[in-house]
Structures are given as structure tokens and as C-alpha cells.
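So, here come the structures, one by one.
Heads up, the next two complexes both have subunit A, just with different partners, subunit B and then subunit C.
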Partner chain A sequence: MATGTQIEVVMPQMGVSVSEGTVTKWLKQPGDTIARDEALLEISTDKVDTEIPSPGDGVVGELLVAEGETVEVGTLLATILPVGAVAMEAPPAPAPVAAPVALAAEPVAVAPEPPIGVAPEQPAAVPVAADAASGNGRTFVSPVVARIAAEHGVDPNAVTGTGTGGRVTKKDILAHIESGATAPPAPAPAALAAPPAPAPAAPTPVAAQPAAPPAPAPVAPPAAPLQTGEVEEPMSAMRRGVMEHMRRSLDTSAHVSSAIEVDMSRIVAARAQLKKEYQASYGVNPTYLSFIAKATVETLQDYKWVNAEIRGEKVITRPWVNLGIAVSLEDGKGLIVPVIKNAQDLNLLGIARAITDLAARARTKKLLPDDVQGGTFTITNPGGFGTFHGTPIISQPQVGILGTYALVKRPWVVQDELGQDVIAIRPLMNITLTYDHRLVDGAYSGGFLRDLRTRLEGWEQAD
Partner chain B sequence: MAERTYLQAISDGLRQEMRLDPRVFVLGEDVGVYGGAFKVTDGFQAEFGPWRVLDMPLSETAIVAGATGAALMGMRPVAEMQFADFVSCAWDHLVTVAAKQHYRAGTPIPIVLRLPSGGGFSGGPFHSQNPESLFAHIPGLKVVCPATPEDAKGLLVTAIEDANPVLFFEHKHLYRRIKGEVPDERYSTPFGKARIHREGDDIVVVTWGAMVYTAADAAEIVAAEGISVEVLDLRTLIPWDREAVLESARRTSKVLVLHEDTRTGGFGAEIAATVAEEAFEYLDGPVKRIAAPDSPVPFSPPLEAAYLPQIDDVVAGLRELAAY
Partner chain C sequence: MPARAYLLDAGLVSYREALELQQSLAAAVIQHGFPETVILVEHPSVVTTGRRTSETEVHLPEDTSVEVIETNRGGKSTFHGPGQLVCYPILDLNRHGKDLKRYVRDLELAIIATIAPFGMEAVTIEGLTGVWLDAPPRKLASIGIHVSRWVTTHGFALNIDLDPAPFTSWITACGLEDAQFTTMSRELGRSVSVDEVKPAAIMAMGEVFALEFDALPAADVVGLLARHAREPLATR
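== the complex of A and B ==
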């Protein structure tokens, strides 16, 4: 680096398909001293919101991007100058500073191992360009493979190569994408990311023409002039992601919603019994959502197509459940769907802990790109506000989303021990399944809801 | 529709145009009484008379210069070189006068030079060359290289109709070896439209003339190994069908350019450069060229076989690209 003692902070790549980010807030101003790993700014991308720590110790130099501005990955955001630096290029000759060597050496030492936020050694669009320099045949990436990789958000190094020296050929990467072996190329499950072009039905058209751009921006009608009292504000990257994804999901899936009423008496009882223990021993709150998530994961094992995906004209099912949990951010600023990976492996405690963790990190902007990828089914829980029914929108490319609503005490007809109908007061919850009728039919979805209800109503706490 | 050899198709096309248009006439060495070195104009003098089928002195300069003058006077001459190699004798008239006359003076020069070209029969350095790239480099000339009987007839008609000097490279190796159905009626085949000789998905071989068949045979061999090869016959080099080449290059991502002409400065270089410029982001391997080495064409049959691109050479190139 020419400057030697100056550290550059650039817009990091938060996930393979992310190409830009918005500076939401500068936490330091020019002239402020900053320690390595101390938060410098907050950014927002269409996948996650996060803080960017300083890559080294020093004094904040210039802030080159204003708050609210959206810039491409790799754009220089700020510079960090060495402590005490006035002129950036101090002469190597002895200087009247107590420890000039140490001062000069330190930032230089920091630079070679940049943490997040420092210029990645590779450009965003072609994630492997730097690797090619290694001269290793395995990592040479041809122009067409680089282009397909960029378009689909695939890391070519993750693809098995059959070319000379293990090089990844066009056929290899197309087969890789076709097989869906990679999570990122599927439109991000966070219901947020600008999706890559749909997986090609056949490899040929991809080569023949550039893959369809991600949904051409509709031509906006001329903006109406602001009326007195109206306030205009720019839309955040996350909002734009949500906007695009919601529209695309409705344009993609044949949404149908079914609802079922569930008597949650046993869940309420189980929760009351576990709550103190879980909180005392593990610091985890066993929410109703945890119980429903656990029962949902079990039920999905019997209804593979609710946990499936339509890819071209093929149906993809899998034995695992990556369970997305919709989390709304404060002040309606957005929506994010962190994913509990391999939820089938977790017991109730594990699921409760995972939900607590993801929700906390979502709200404190500590989610990592991986946390919002690869979901196979989603639960959304708007019932906290008392709503008793809704028709959520599916997070593409999934085919189902479960909605849970307010738990309310209602008069309910039950049978007493003599088999007589009596009216009892029971905690009732409406649960909806919104499914993609292209793949899931009414009877199948009804069976799913019935079995889910059976699990919840017959809950027996095992652990 | 009748089955005709490549040579018969040229002969038919020429005869048809002469019957149709009194401005069309033939001139060349031994084209009249003898019927041409390869008998393309056999019987023409009997049908059209000595003033439309002119036996010329042994001077390519006189033939091309005479054709140029006749064209200036409103005629549509079709001049035959006994061998394409000898057109170099007429370089000055062709390149300095005919190619630039329209640009310089606004007077078109609608001449056709029929140029029997290509090797494969121990003709040696003066009777085997494929000098198409020399003329492709000269603005104002058109360059045509048919591979099939049907194209030979249709492209000759277009060449005669064209207002520019057209170099019509007839591959001698194809004259009597290649037969095909050729429409009896008059038709013209447009310049600048490539023809997919064989469809394929993995690699495209861009070629013309006799190499179309070499490429097709090689493609057949590697097809058994699961390599799907497209053979694109350019038909005309000036103008050449860039769009078709780029389309195939983008689709297959691997390009092999094959020609019988020597390698350095061959027209394949232009194609390879264009693919690199226009389709770079679609390439999954280097653009490969197979061509004759930069040497005169040898007499000796084994040496000539080593010199000319053979089916095995193309097979090896295709395997190499497929494995890349």
C-alpha cells in the first residue's frame, strides 16, 4: 500500500450475493481515536444490518460516504490514520517522537490481516480473482465460470472441478447450480435478498444470453409532488429487499392459507412447569413459539413437500429442516428471517435457545450472512399483538410458512370423563399454514395442520 | 433438384447466369476450347460462342485488368484463374484498381474471380494455396469460400450479382468428391450468413471450405466420447457472420477455429480476436486455432499430409478443449 501507515475501511461483502450496502450511522467522527475492533459505523445491506469494527488502532481520518448513502461493495468508506499522524508520510529518519518505530510499525502490522471492513483482497463481482494469482490450476476460473458464479452467488472453489488440473468448467458450475447443492444461489431465505436469476431449467440458455437480470425495476410513474405535511425519506436497502421479495413471492407462488384452532392447554401447562427451570439453569425462556417450532419440525418430517422447493420442473425434498423465524425489527424498520439450521437435531431447549439467540442478534444487528440463508420452512409469529388470523407471504424459494396467532382463552366444547359435551375455558390459538398450491394441495396441507395440532394438544414433555 | 458434384454446381450456376444475363461472360486461360483446367466451362464456348467465353493469353494481369475494364464498361465478367495461387500476378490490378475504384471514382467493379484453391493432391507450393486471408484484408473485396454444391451454385449467383469484386475460392479437393442435392432453378445464397453444418453444444468449430468436412468427421469421432461439437461453416469471409460465430461461442463457451491456410495472419486470427473481444465473458477455455504451419505447401504426399490439418489433428484439438 502506497500510504503505508494508513488503513482503508471499505464496504465489506456481507454474503456472496450482496453487492451494495448502506451506511446507516457513523459511530466515530474524524479526529476521534479508535481502537482495533471498536465499532466504527453501522451498515445495512439487503441481508443484514451490522456494525463494522475498525481494522486497527488509530485516528479516524476522512469519512468518505455520508449516512444514508448506498455504495457498492469495496467502496472506500473511511481512512484510519496512525495515532499522532499529521503528515501521513513521516520520514524514516529519526523523528522527535518517543517511539517512532513502534508507531510506524503498528498500523503496518495491522494491514496484512484485515478483519471485516478492510478491503477484501478480491473484488466483489469475481470472488476468485485473487485466488487465480496463486497459480494453482484448481482455482483458475475462466471468464464464463466467473460470470456465472457472480450471477448466481456461487463460490467456484466450492464446486467440484472436472477440467484440467481440477479446474471448474462451465458444465461443472452449471451442474452445481442445477443440483442446488449450494444454498446461496437460491434466493436468500431471509425474504430479503435481491435474488439471483432463477435456476436455469437447462444450461444452454444461460450461456446463450446473460441470465435474466433480477427483476427489472418497474418504470416508476412520475413522482407526485409532496403535499404540505408529507415527509419523504429514502428507502433502506432492507426495505427495498423486502419490497422486491414480497412482490416476487406473490408473483411466483400460488398462495393458499388454511387455519386450524389448537387447544394449547398442555403447552401452557408444560411451559409453566419448564419456565423457571429453563431460565434458572440455562437463561432461556421457553416461549410458546419454541413449542410450536418443535412440533412443526417434527410434523415436517412426515410432510416432506411442505419442507420442499420447486426447482424448474423438479421437486426438491430434504430430510433436514432449516427453520426460519421471522423477526421484525424495531419501529417497523424491516423484517429479517434468521434460520435455525438442522432444527430436527434440536430438542425443545435447543430450539428455545436458538430462537432467543437469533432474535437477540437480529435486533442488535449481529447476524451473520449465514444466519439468514438456507431456510427450508418459516414460522412467523404476529400473534403477540393479539391478531388472530393472517395470510403471510411465503419466503422464496420455500413452499410454506406457518403463522401463529394470539393465545386467547375461549369457551370451548370438550368432553368430560363421562363422554358428555361440556363447555370449558381453554387457551386457544389459531395457527395458519400458507402454502404454495403449485406443489402442496389442500388435503396434504390439511393433514399437516391436523398432525401439528395433534402434537400440540397431546404434548408430553419428555425432557 | 438433382444430385450434382461441387464442380457441376458451379458450372450450372455460371451457365444459368450466362443464359439469363447477356452481360455475364467468362474469360481465362483455356476456358474456351479446352473447357477450363478443371472443365468447369466445358461446352460453354459451343453454347455461348467465343466472344462470351474468351481464351486469354497466359497473363493473369491481362485477365484481371481486362475484367476490370469490361466491368467499368457495364459488363459482368467472370474470370477464371487456373489456380488461385496465380492471382498474385494480378495483385496490382485487383488490389490497387478494382478494390478501390468504387471508393475513388464511384464506379463499381462487378467482377468475379473464380479461384480454384486448396491442397491435398501433391500440387506443391504453386498449386495448393489458400490465400483468402490476403484478400480479406483488402477493403473493397469480397471473399467467398463455399463448402457444398448447393452453396457453390447459390453463392456464385450472388457473386455475379454483387457490385463489388468478389473472390470466389473453389476448393479443388471438393470438385468431384462432394455431391449434394442442388435445386435446378435459379436461387441465390446471401453473403455473410454462416451455415450450421452440424449441431452441437460443447465446442464450436468455425471453419469454411474443405475443412468443413474435416471438422465434421472429427466431430463424429469425438461424439462417441460424449463431446458434442458444432461445425459452423462461414461460407463467406468478407463479409463474415460475426453474429453466428458469437452466438455459437456464447452458447458453447469453447471455440476452435480451423483453416487450411497458414496460421500466422490467417483469417482464423480475426475470428479468434473477435471472439475474445466480444464474447470474453462467455469463454470457458482458450480460443484454439488449427491451421497449416507457416511454410509453403510441400509436394511430398506424406509431408503434405503432415502440413494440412487432418481429422486426427482436429480430434486432438477437440479433446484438448473438451478436457480443459
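== the complex of A and C ==
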């Protein structure tokens, strides 16, 4: 969902020595849908052309500056309307509106039904809305604000609005709630557990999960006043989703982690051999992660309970592996776990291709809701940063997550052809299995890791 | 302390290929924190236009067959050809002052520092971005930049040893009607090669932007990008 209120796009500050810029090209027109961070226009200053990204999701409303005009920093350039609102200059714009709305139909209806009768922009709303906000009339608030208000039992009319025409924005209502001006949200624990509506094209992994078990409503500690130098910002929907999910997983599963060291010599050799061919013929990079994913999927066939799920007092196992791959988004903005469906049917190339595709779509927010659902086991790969060990958190309702870590050359004791111990330099990787000890025992998990290592160390390239 | 950056000395590369390379690198810098990279190339003859190029600027003689490419860089039309050192810094301006004008001034400084070891004194002219030799003004280097999320593409072109006629006879370069264009060879009265100037350019870029370069072999760029795209996969 887009943010609920109209977003204003202003000429940004592009350096202390830059006071103005020329609009060279509008990359979107009124009525076009636009995602946060997507380029909206280009500004030229001196010999530099700069793309100005949209500050939020929505539909382009008005373009207020013509191409070729030079404007000062801070000048209002355009407005972005929330998805669902009707762009003033584009009366019949059904197409751009329909698509995101359909995608937004996520399984998040646990929260009390928000008043979603998306109110159209009121023409000449400025004086009218200001009156309404200060008085007792029905103030227009966006669906997002309405939902937040409903969740926290706040009357939006009681909040001072800073939006256009004194409208109550999401920021206003969050600030109002933060300030403690409202009663604790006692009667609706489920509402708290429900993730907020995700961005249309990037549902959080949490959104795909079944409803949370009713947790006792946490009593929020009184908000500490902000100290000088501290910066406060609202948490994104995805962040809140991740927050809720991580906590719930730790509260649900009995997490235990085991690690094994794997000599990756054969994988390194196989990869070097395949890399050129894969890249030239298929445009796909056979990453170490693809090899590990392939070996993991094979090993899971022999260890059904690592690929299982606990439902009540029953254990659910299945013949297929839907492999989740944890993908972190840029700048720590969140985490998403797209799923490779029926990974047991894919060969190495198929897995490498699926990982490349999902990771790219995750980062460009082009995942479909189905891409993040139905995972039966997950791999996370923080080793790119050089870390050699970790204890990841299980993605519910799964019971296991594999962690892969930095590939490092180490002195390693091996046997030469005479059976003598010698020290060799080998590329080693630590691999961890974090499992839910409610279902998976230590010996069983040890067997899984041992067999996985055997597969990787004895890799025969067959595909 | 200088930051580590890559230096890619790519040799003679077509404009389009170099543009694609720049865009891949910029995307990697934006999305994955790929190290900043400075590309040095020469282009086969080509005319490029910027967003603000007016139609009258390009007036190729009838017997000339040269490709004209529209780009997304700032500035107006320009000409590239062998004998010109083209430098494309893919920098994250979050690390260099977050100021578009300052970046252009810094590039001018780097160009001036590049030619100083050759005994050339250049100037900048208010309102006429680029690097000039004075009295009468002759343009030695041109600048055109594109910035997306504070990451730069495009850069500068320094005329070293080429015929500057196309700047005026093929196009009205930079939209400047009566400007003269010159080259280092012409000014120094001897043949100066691009290879001779590269070390000075590398040193100047390193000094102005506080970068310490690791050479990036041209053949490995694709693999390196792919590898880098994979690494941030995950975390829990």
C-alpha cells in the first residue's frame, strides 16, 4: 500500500553550492503509477543531470513545473497521490490504479477492517479540510491512517494534522501515538501481531504466514523523551514485519545450532570449470550458494524431518522441497525470503538460475506474493561479509535453516597417497544448521550435516 | 585516509559498450556497495548529445559517417575519438561532499592537476564548465555528468592528440558558437600519447577524491560484478 496521504515532491538540496536546477525531463506523466525510489524526473544543474526519485509509492498527480523551467531548491515539483486516489488531471485512469490494488490484496485481513472507502481527493480541499480538522466534521484520512487509528483506538479528529489542508498524515498519527496521548491498545492483541499492509510488489515474508498465535498484548514502556542528537524515524512496514516474525520465531521454536567445516576444493574446481560456460550460454553465475542449495535439497530427501512442519501435535512431512533463500535488501531496509518451488526437480543450472532471478526480483520489488509463500526450508548466506559463524533464526513455520559462511583458505590436515598426515591449504567453509529441537534431535541434525558435507566434498559434476 | 577504489584501464572501447559498463558498475555501487571505480577509455569516433542539446548543434558534413548517440548526461553535444583520454568516475557522492557543483569543480581540478606535470597551466571559466587554456580561450577538456542516487556516471574527456576539427565542423560542441578547441599535442608542439598522460590522470583523480586504486583487469569485470551481486544475498 502506498502511504495514505498525498506526497509532495520538492526540488531537493543537491549540495550547499547548488541553489537551483532546471527540469530537463519528466520521466513519468500524471496518472502513471510510480514506486518509491523510481526515477520521476531529471534535473540539470551546470553540466550534471540528476535523476530525482519518487519519495513514495503512488500515482503521479500533478506536474507543477514544465520541462526547461529553472526552479529553486525547495520548489514544489509534483504531487504523488496514494494508490487508489484519482489523479486530478487524469480522470479515466483505471489501468494504473487497478494493478497495484489487486496485488495489495494480501492475507493481512486480521486487523480490524479499516474504512477502505477510498475517498477521492476533495477539490479545493484546503479551507474545507482545515475547518473540518479543527471542528467536528468528518476529516478525510487515508486508509493507512485510518487503520493505524483503529488499531490504537485513536480518533483521528483528535490529532493535529500537518498534511495538506491540515490533514492528519501517517507521521502525525504515529507521533500522536508515540507521545502517549492515547490509551494502550488493550482490546486487540491480534491487530498488533498483524503485519501492516506491505508495499504492493514487495510483501514481507511475514505476510505470507498464517495468523500469529495470540500473544499477550505487550505493554509498551512509556516513551522516553528524545535526547539531543538522537534521531527518531518511523519503522517501515517491512521492518515491523521482520521484527514481529523474528520475535515470534524465537518464542515458538527451540533453536539449536550446529556447525560443520566443509572442504570446498571440489566445489571450487567444479565452479571454475562451469563458470564460463554458464555465463556464456545462460548468463547465469554458478555461485557457491547454488552448489550448496543443490546438495542441501538432495540431503533433505533423506532427512524428512528437517524439511517438515509441526502442526499442533502432528508432524507434516512432504516429498518436495520449497527452498527459501534469504535476501537482504539494500541499506538494511529489510529482509525477504523468496522461495524456489519444487527445488528437488531442478538441476544445478536450474537452481542457479532461480536464485539469480529471485534475488534480482526481490531487490527490484518485483516479487509476486506467490514467490514468498510455501517455503519448507531456508538457506541464508551471510558469508559474503566474511563472517564464519552465526545462529540464524528459523523462518516459521519451518523447522530448519542452513547458514553458509565465508569461504576461507586454511591449513588443513589431509592424508597423502601413503596415508601420511600432511598439511595442505584448502578452501574451507563453515556451514551451520539451526533446527527446532522440538522436532529435530541432535543426532539427526548431525547426520544431516555430515551427509551434506559428504555431498559437497565428493561433488561429481553430472549436470 | 584514502579509500580503496578500482581503476579500470579499458583501452579502446565503443561508446555504447562503455556506457553499459558504467551503468552496470553504477548499479552495483548503488545496490551492493561495490567499490567506487574510475574507468579510463578511448572511444572510436562518435558524437554524443546530452539532454539539453539543441538540434542545430549537430551539423555533420554530408560525407561523414559517424554515429550520433543520445545520452542521459548533462551538458550539450560533444565529440570523442582516438587520442582523447575519457575518464568515467563511478563515484558515490555521499562520500564526496554530496554537492553536484563541487563535484564538477573537483573534476576540473583533477584535469588541471593531470596536465600540470606537462608544464601546462589551465584555467576554469565561470559559467563555462570544462578546462580551458587562456588568451585566447581554447577548450582542452569537456565535462558531462549523470547522477542517480548520488552515484555518478559519465565524466570528462581530455583532448590529447587528435584533430579538434570535428568539435566545430561536425557539431557546435557544448553549444558554444565561437569556441576554439585544442589538444595537448597542439599546445606542447609535440606528439603526446594517451598512455603518457594516464599515470598523471590516475594520480590526480586519487589526490582530488582521496582514492587509492587497485587495478581492475578488464577481462574480469563481468565476473566481479556477478560475484559482488551474490555476496550480499542473505543475512538472516
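Convention: the second predicted complex is superposed on the first by the 246 of 463 C-alpha atoms of A that agree within 3 Å, B and C clash if a C-alpha of one lies under 4 Å from a C-alpha of the other, contacts with A are read in each partner's own complex, and residues count from 1 in each chain.
Here is the rule we go by: a contact is a pair of C-beta atoms (placed from the backbone, for glycine too) under 8 Å apart; a residue touches a chain by one contact, two chains touch by 3 or more.
Here the structure is a predicted model, which is why all the values come from computation and not from measurement.
Counted by residues of subunit A touched, the larger count belongs to C, out of subunit B and subunit C. In the superposition on chain A, contact of A:S44 is made with subunit C only, not with subunit B. In the superposition on chain A, no contact is made by A:T5 with either subunit B or subunit C. By the touch criterion defined above, A:N322 lies against neither subunit B nor subunit C after alignment on the C-alpha atoms of chain A.
When the shared chain is aligned, subunit C comes close enough to touch A:K25, but subunit B does not. Legend: residue contacts after superposition of the two complexes on their common chain; A:T299 is shown touching neither subunit B nor subunit C.
Residues 142-147, 163-164, 167, 169-170, 204, 207-209 of subunit A are the ones touching subunit B in the complex.
Partner subunit C is touched in their complex by these residues of subunit A: 14-18, 22, 24-25, 37, 39, 42, 44-51, 53, 275, 279, 285, 287, 289, 325-328, 330, 335, 355, 359, 363, 379-382, 384-385, 390, 392-393, 401, 403.
Only residues 201, 247, 250-253, 280-285, 323-324 of subunit B touch subunit A when the two sit together in their complex. Partner subunit A is touched in their complex by these residues of subunit C: 30-32, 50-52, 72-75, 97-104, 129-130, 143-149, 222-223, 226-227, 229-236.
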